[in-house]
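Input: structures, listed below.
Same chain, two partners: chain A is paired with chain B first, then with chain C.
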Partner chain A sequence: MTVNATILSKPQVKNAGKLLAVLAAAALLFAAFLLANGADPLAIYSNMISSTLFTPYGIGEVLIKSTPLILIAVGTCISAKAGLVNVGGEGQFAIGALFSTAAGLSIGDSLPSFMGIVVMMLAGVFGGAIWSGVAGILKIRANMNETLTTLIMNYIAYQIVSYFVFNDLKDPDSFNWPQTAKIAHSLRLPRIAGKINLGILIALAAAVIVWLLVRKTKWGYSLRIVGGNANAALHAGINVEMVQIVAMLLSGALAGLAGAIEIAGVEERLRQTTGVNYGYLGFLAAWMAWNDPAVAVLTAAVIGFLSVSGNVLEISSGLPSSAISILMAIVLFAILWKGKGRKSE
Partner chain B sequence: MGSDKKELIPILETVGLTKKFGDFTANSDICLKLYENSIHALCGENGAGKSTLMKMLYGVYKPTSGKILIDGKETEITPQKAMECGIGMVFQDFRLIPAFTALENIMLALPKSETHRKKSEIKKKIAELSEKYGIPVDPDRYVWEMDLGQRQRVEIVKVLMMHNTRILIFDEPTSVLTYNEVKAFIEMIQKLRENGYSIVLITHKLNEVMSCADEISVLRHGVITDNFKREDGFDKNTIVSRMMGEDTAHRVMNYREAKKHFDYDNAPDCLVCRELSLIDDHGRCIIGGINLTVKQGEILGVAGISGRGQKELVETLFGLRISLSGTTEYMGTNITKAGIHRRIDAGMALISEDPKRDNVVPGMSIYEHMVLAGAPIRTKGLGIDWNIIKEELNNSKLVHTLGVPDINRNLATLSGGNIQRTVLARAIIKAPKLLLASYPSRGLDIGTVDIVHKTLIELKKHGSAIILISEDLDELFDMSDRLCVIADNKIYGDFIPDETTPIEIGEIMLGGVKNDSERNDIVKAAG
Partner chain C sequence: MILESLLAGAVQSGTSVLLTVCGETVSERAGVINLGTEGCMAVGALFAYIVCAETGQPFLAIPVACIAGGLMGLLHAYFVISRKANQLATGLTLMFLGLGLTAFLGRNYVSVSTEGFTKLRIPFLADIPIIGDALFDQDPITYLSYLICAGMCLLLYKTRFGLILRATGEDENVVYAYGADPIRMRYLSVIMGGMLSALGGAQLSIAYTHTWIEGMTGSRGVIGVALVCIAAWNPAKAFIGAYIFGAAQALQMILQQQGLEISSFLLMMIPYVLVLIALFAASIKKNGKMPAELKKVFEAV
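Right after this comes the complex of A and B.
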């Protein structure tokens, strides 16, 4: 958070302020829903907050949950800055997780821990980038809408992961569960405190790098021009297609990295359900942040917090934990409302 | 009718009309009188508040204070009311539906009481009006098929079809017309005046106004500064100086002087096109067989009705478009297949015909736009050093001369004139070797056009070649060393401005040249 405070420039502070107001309004609406269901919203809210943000376990859960969301959200921001809507975080995450699991399983403990982890991470990056790169090439060479292709490729990715966990990568000792074997102990991401692994630091570092890349570098400048008005970029001699492809690759690479971190840091093996919905939640976080990578870290953390507190909701109110999806939906609509008239700003 | 008019009650009068937008006063204390059977011209630079005033007269804006009198009676104007009072407005951007025919558009605008009339009856009325005022309109033609002049005529017929129309307001009517069409337009409004209509003409083209107006009011910074009446005689220089303010008044440029410096025969080639054919967005050949040479230090004027391939020509030369066939040589190298980036690096610059579409990035400031293929990008480590860039821009003489607004402002929110200034400054700041300038003075007021012309001539004196695309024949004749004309999917020319006339060029623009032998004759005659 301190990292963000220093790099938030003025309009972003204003943006974040508006965001908080919107979140508060959403919380109020959800409170009405809770009341209607006979639950005490104040007690539930205080419970949600105290048990997640004021216990070491809760904080850990929130950070672990936020890690992939931050990476996917920040990645989504890059492609969005190039004017591309990448909804494929889900598939890019899955293929990244698959590649890194495959790499991890084939390495075993043959490599020193550090090198093995790096190889796993690179495999994830590579997998995610391939998946988004395909959509990028389809966009540029065949003029296919990237929103549709990335979305469709999410389903393809899910089926591919299913194929591998049922066949080639299935753990022979799993009593026929569709899951891979665990990766070697040496390949696990080091923990920094409790269950919290190095992933959160990697995600934050990635966010800072992306922010600098977009805001400060010449390439980021080209990126923003391509996204703002591709025609203007063309007239300025910028290679629009190249910028878009690279933006797509980076976007997918970050989602793939999230997949690798999820395997090496949390799950240690790949299942069909690994990281399901992370892609969409990450996309949501980027959207909530209006594709500003600095703000996206915050929104991803908020969504991470909401997902974890869904469990608390179930325990303390008797409502299913999926009721938290209602809160998320309200938040989304509130944000859309806030975005109304944004173009005329 | 001259002197006894004064006793009449004005058909339309404004008293102390004021319009404020927040802190900004667009119009202040406007007092105008429009009499029956007269043409009242309203002149002023861009942003002088002409359009605001007209929109109040038509009820689009509600005045902050002041009143509007119709036939001497105070009336609160809404668009509905304006129509009832017989005020008809021909807007700058036409309010026509492209997918409908002229007839359908006209019927759409008719009041409810008249919609029961038969199509044939309406067609007859259209034909009558066309005949009477010399405004040919084909009722069965689709609007999308028409050029801007034809669309304007539909718009005018539409307003005349309302039986009670007495007052016609024209907002910059001649900006979309060709040289010859302008003449016809002026004849038309004179006929309208003879038939009892009163006309308000908003424009910044003085020549046209002086030939037909009964009264000219000058609007500057939202205030009517002067009224000139025909009976007192119009003096162009006085009016221009009143429009532009004393400080910038009366700077007549000596165009001839600038041309004398240029030695055509000994100048080296800058750009040579051989049998170049251009394709439009639909993949059709829009101009074929272009053989064109532009010398260093030359201004080549390209005349033609807009949309006849001008865009395709500059875009192909700039590398944005692939040519169908032919070759392009630039500074001695074949660049037919070179990318845009290479051409920019080799010193080409393009002023697009639609800067808003082709150049403006929403949310970005002027300084962020200025380094886009314009001013050099200064870097610091891996990043861009915006502070140095801003400093350089603020110290740039050109940026100040062209009147580029505060460089921290968001370009997308600025007016067309300010965007044009920015785009011009950006293209010229790097002193291009070849400047492809599409309508560089479009949307600019007289004062700024003058500065733009001076800047271009300065550039030419330094040896830059300029391809100047314009619809304004005065501009083309003043600026160009040689002229060519786009018409009929061909480029005609070249012509020496001193050896031809605007009428001749105008005719070629409209009809092209009918057959090849005739074409050759013209080319030969032009030398």
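Right after this comes the complex of A and C.
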């Protein structure tokens, strides 16, 4: 009874109404942009919605696209709760994907399917955690601003991935395409329906676990105190550095896991462009969700929907794919304009 | 010979970063971080290129690029100051907008060629051994960047305007008490930051590479934000990081021309690793502290 009353209390309804209004404004603005470029916005919009949300294929694509975004967003929530701004999802994803590809290629089909997949996932987790861990250590040992280090390390990760797909891991049969060989068939993530793989379930489970971890455990409690006020946490006898470094490791581990799932579930091989922009979009999804892991699942799905419908836009209107970034930016600006609507924790 | 071409390359490639660092310094000194400098640069690079390609007048391209970058700055300022949106999230969104918009609007200019600015050798000064060529046989925007860098120092440290601007970044209540308007100061400095980043982008497209391709700013804007920290929020030190970044870029090209057997990707990593090391050194030395109003941004996401 009380729960229902709080959920449906007036400010929340008003807030949702406001959100719809700004999203409608964003849609109008982009419609004007489409019109100015000689496209028919009504046809495009109805096409975008009907082919993504009303076809099994479209729903599948949205779920597949949302998987890495959910994991990265949820990971970003953990570090944010510790008061750290991790903008390095991009690099942590890339190193995770690289590690799991390397693991997958060296395993081949020597292991039973289940074990091989677990090793690939663990390799991804490990890779992502290394990448965020470096930034975490630099933060607590050298007091380096983690926003800047994670951001710069994204570019280093991109070069490392490029190096490997052009050199050591390049597929000899790829006719000089910069990509690795495909992982063995037995290492592919099982599919649950159509093209949808197990990854979405892993991502949802991760979100639930993180939510429980942050909300219901002692560690989560100290995490929130550290993020709220590091000095108070010190006085309360909490090992602030330890909490921050663990938060950072977990955050990167989830991004790395996203990389591993992208390889084992979707791409099956690593390219330079694998997962480009997922890290930044995941960060924005977490921000839109007030760093609440449960809400982040929704916001990540919304961003996933936007990117998939962007592909439809490209096909049905003949506009270049860069139009999607413009749509994405307009929608994000609309949400930024509205503001959080409720006090963050 | 190699040293001279390395120095010349450092300045050539570093100018765009130098201008960005100068602009971002001004903005951060007023308490606003703009991660969207990358987007401002891209917009500057494209609009300068379009003007050059359409009119053949590089001098006309400079104000157009600055106006475009200033508008991007205005957008950032409106969101973070008037709407109190999160600065980091807004900056990232601005980056997406800038990169997306330029990729879209510039798609027909990818194969268009234009001359833009050519090098303008300054007599006598360019004859100074070793550094003469590097500093005084460059394009006009590079010369402009020297003046802007020096001008920013004067503006920040020698004028009343600069004093109020710095105070805005430290404690806005003091500025209110003084009878000045911190909001106006922030708007002005963020817009100025956007204009300078865009000018840096213009140097990249019409004076250095003489081409336009999507995403040509290649992280220079983001690096610029990091270098502000290394320069300890002081425009007088901006050139150090910017030219080191430029030198690393130039070194990578020189080594490739020499046919060295190192993968270009490992070489392309050098600038970023150098920036990380420089950040490390800067934080160990604890030189220059972050403006207090800026610190709040990182505390509350």
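The working rule: the second predicted complex is superposed on the first by the 314 of 345 C-alpha atoms of A that agree within 3 Å, B and C clash if a C-alpha of one lies under 4 Å from a C-alpha of the other, contacts with A are read in each partner's own complex, and residues count from 1 in each chain.
The criterion applied here is as follows: a contact is a pair of C-beta atoms (placed from the backbone, for glycine too) under 8 Å apart; a residue touches a chain by one contact, two chains touch by 3 or more.
Because the structure is predicted, anything quoted here is derived from the model rather than measured.
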{"item": "Clash or fit, chain B versus chain C on superposed chain A", "value": "fit"}
{"item": "Which superposed partner A:A285 touches (first chain B, second chain C, both, neither)", "value": "neither"}
{"item": "Of chain C and chain B, partner touching more chain A residues", "value": "C"}
{"item": "First, second, both or neither for A:V266, with chain B first and chain C second", "value": "neither"}
{"item": "Superposed model, angle subtended at chain A by chain C and chain B (C-alpha, nearest 10 degrees)", "value": "70"}
{"item": "Contacts of A:A236 with chain B and chain C, given as first, second, both or neither", "value": "first"}
{"item": "Contacts of A:Y155 with chain B and chain C, given as first, second, both or neither", "value": "second"}
{"item": "First (chain B), second (chain C), both or neither touched by A:V87", "value": "second"}
{"item": "Contacts of A:A73 with chain B and chain C, given as first, second, both or neither", "value": "neither"}
{"item": "Least Cα gap, in Å, left between chain B and chain C after the two complexes are fitted on chain A", "value": "6"}
{"item": "In the complex, chain A residues that touch chain C", "value": "80, 83, 85, 87, 138, 142-145, 147-149, 151-153, 155-156, 159-160, 162-163, 166-167, 280, 283-284, 287, 291, 319-320, 322-326, 328-330, 332-333, 336-337, 339, 344"}
{"item": "In the complex, chain C residues that touch chain A", "value": "35, 75, 79, 83-86, 88-90, 92-97, 99-101, 103-104, 107, 214, 219, 222-223, 225-226, 229, 263, 265-266, 268-269, 272-273, 275-276, 279-280, 283-284, 286, 298-301"}
{"item": "Contact set on chain B toward chain A in their complex", "value": "318, 320, 339-341, 343-345, 350, 352, 357-364, 368, 372-373, 377, 379, 382-384"}
{"item": "For the chain A and chain B complex, residues of the former touching the latter", "value": "212, 216-218, 221, 224-225, 228-229, 231-232, 234-239, 343"}
